[in-house]
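The structures come next, written out as structure tokens.
Common to both upcoming complexes is subunit A, partnered first by subunit B, then by subunit C.
Moving on to the complex of A and B:
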């Protein structure tokens, strides 16, 4: 009799969903990668064009902050927009009905986001270093720093995507978060250039601490409070994961 | 009745937070190998019921089980045991048709060789060969629907839920799809078929239920549902454009108007005078043609619900007598 097979192990489900996501996005991933490169390298080069001469400290913040934006944007923008489109077109329920553990599907999407973001991160760094003649002192901590930053961006995106059921609201929220990250967070600029109250708020928001842990692994002597930043980012990742678990487990 | 693979809904009620009672105490069962139709007009509560089966919604009260598994308490088991083709198109824009079928079978836990063999069989059986390696973005709605059907049946769960599977599908391939639905039953899969297309359901299902306004109002085999109309015929008139429907003769037991299509039910012994009446109407220019045929499940359905099925007409049904 058909229909009695178990859907396989968690690992099986994870790899099947990685294959599914890559196939599903194959028409768009090259565009998404290009957008990320334009975002990162564009920011690094654009500021140089605007001001002509950029002080070394500002250049360091700019060049080490732009890749952080790459790592966050992949998860924070693309997933809510994809899910919003699925909800609008009615295909969300088909995907939710597949016999795949939610954690396997989330990790599969994290893998896709990472693979999409990392080439942009590399190109952004290379472009910035070449433009501003910087010497990076990359440590092995760059691996956990970038993995955790991308993971937190993905989990924030999943929390918005699945926690906010109105597609337009989800898209607006994710776009707002990107604006907050770009304009009101110490990602590509030092925190002391922000108003005091905004700098204080940013100590508890995820974006500044994400930039701190990545920057701390790329250049020495610039980032401070790195262990605390790891704690803040990890807390945001854990909190977002809880929201995702609740949103996907909660049935109306 | 009980046993492994038996699907059962017991007194399922769903009341949304806004107070709308979408399902009201629905009880039904589907045995392994059985094709069970869920009929009803738009908004009757059919899709709400299947979303509760697959774990996308939670019943306000009632039980939903498949064999010994409680699908309400364990939605992960529901996803594992049930395959679901929703009313909306499956998201396959970037996929090639066969690739989507194979990948879905693999996601459902099928082995590569077996899934590929089944996928090739389905592509052939549904006459999808010319689109086999075409991307979804370039496929018509009907072909996408067939690919979606193949995706959910290539490695089926114990219960396959098909929500309006023939939407947009051309008549020839509809027949092929219904053959595959029957084949699922032959393989021991329970099939829950949601449709408002009564004529098609009549040929495809073993048993069916009619849902209206959230309640199950009739259940049985297609023959049993039609038993009420035994000894009756359907007399159908195509009203001429711009003309009003004619006054009904006294022997018309009930009637219904969809667009320009006037359907009446008459007793068998009134066939001769019915034909005479129809020819008079045509001669008077009020109608263009008529047809006399056996009553169908649709006639029983109309009587039960007061609604027409989705088989024809472009206007809201209007009951004009009976």
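Moving on to the complex of A and C:
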């Protein structure tokens, strides 16, 4: 049918989807926010226990890396789990059939993920700074760094959620990704503490560079190769956006 | 109406449910074992990344703590995922409607997951010992220690997921918090490093005792007061069974 267009403008559709997501997830989002605080602040405090006395470098990486995990988790981990549940319940097809541009729906979800993550990011940072007595030098670059990190996480999450159709596999994949992010990526630890090959691989994976750009905006003199990291993260965002467009665009 | 009962009938039902569980989970069980090894051994390796340079004693502590990580992964992630997937698919309602005592169905689930976790625990320990170049002294108490630990974790995971009864919440809690819970658990570091209130919490929770029982079975001279640890694990197992009995037997 030619000429059938979604009702209203794109902006209108976007706001409707934001309202939809908040109403749909009104009970779930506060729990997620709380879980993120426990995750971030918990990591910052918990790793400190592994050391008798925490070295300064370790503390800087912990405090600046933990909020990055909040930003990534909100988009990358929760979205695949939500979509997996929608698929199991059968509401996935219904949501996809709504007369709303896919880009508006995706941006609405990004907004929701930001609103869920940012309070946790702030609390995680405050907890870490208070525990290890650090002086952060926050620059305005923190805004684009955090926005881009969260956006890339959301796009990666959407790619997994819409690209992987078996709910169980998507859940397992998101659990594996959180594991890789926590332990095998230089997010809250210096890259030189990883084996050489793993550190090299991580230069091209998204998690390490995400941490680098955020860390560069929070402390001076610790993060190196910040412009390169922006490029890597942007490339992952663009690649994921293509996967999402393909997965949602083709007919089944 | 002739109501069937008695030990013979229960045992027949138990055997039938064992066949049912093994057949129903045949695709999922190998994945479960693989995930457990990856996470258990992975966590043991990750602690090394965070700490950087390890002394010999710290390495022995981490290696001898690794079986506890594998046990907790199986019990908290594996069992919870299995239970929640069955909740979403309505499988539990089907199982409860079978002409078998519910206790036999639960006993069969416990048996399958308890035994299934054992190879993963052994492989995790071997991988961790190899990674850090540590030699272990395995005592004959390793067999009962492994079985009781695995049974305790399976029982607690099962009862927790059944009590929460909200698959999304249970999965969010497990996925985002498992690593933080493990970070704050005195398994990979001495309990004396915890703040006193948290150490007291861990003298009630089973994780510390699980670590002690398993550590004692592969090292000499690191663990004292072992009888208390066994008693606490047994008490948690009994409490989980009581909880399971309540949640499974009630009518909705």
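The working rule: the second predicted complex is superposed on the first by the 245 of 252 C-alpha atoms of A that agree within 3 Å, B and C clash if a C-alpha of one lies under 4 Å from a C-alpha of the other, contacts with A are read in each partner's own complex, and residues count from 1 in each chain.
Methods note: a contact is a pair of C-beta atoms (placed from the backbone, for glycine too) under 8 Å apart; a residue touches a chain by one contact, two chains touch by 3 or more.
Quick caveat, the model's predicted, so the values are computed rather than measured.
Taken together through their common subunit A, the two structures put subunit B and subunit C side by side without a clash. Residue contacts after overlaying the shared chain place A:90 against subunit B, while subunit C stays out of touching range. Once the two complexes are laid over each other on the shared chain, residue contacts for A:26 go to subunit B alone; subunit C is not touched. Residue contacts after overlaying the shared chain place A:159 against neither subunit B nor subunit C. In the superposed model, A:98 makes contact with subunit B only, not with subunit C.
After overlaying the two complexes on the shared chain, residue contacts for A:233 are found with neither subunit B nor subunit C. In the overlay built on the shared chain, the residue A:47 is in contact with subunit C alone; subunit B does not reach it. Aligning the two complexes via chain A yields an angle of 80° at the C-alpha centre of subunit A, spanning the centres of subunit B and subunit C, rounded to a multiple of 10.
Of the two partner chains, subunit B is the only one that A:12 touches; subunit C does not reach it. The superposed three-chain arrangement places the nearest Cα atoms of subunit B and subunit C 11 Å from each other.
The interface of subunit A with subunit B overlaps its interface with subunit C at residues 28, 89. Remark: subunit A residues 28, 31-32, 35-36, 38-39, 42-43, 45-47, 49-52, 58, 73, 77-78, 81-82, 85, 88-89, 168, 171-172, 174-176, 178-179, 182-184, 188-190, 193-194 touch subunit C in the complex.
Interface residues of subunit B, counted against subunit A in their complex, comprise 5, 16-17, 32, 51, 54-58, 75-76, 79-91, 93-95, 99-100, 103-104, 106-110, 135, 137, 148, 155-160, 184, 187-189. Those residues of subunit C that touch subunit A in the shared complex are 28, 31, 35, 38-39, 42-43, 45-47, 49-52, 77, 81, 85, 88-89, 167-169, 171-173, 175-177, 179-180, 183-184, 188-189, 193-194. Across the complex, subunit B is touched by residues 1-8, 12-13, 16-17, 19-20, 23-28, 86, 89-91, 93-101, 251-252 of subunit A.
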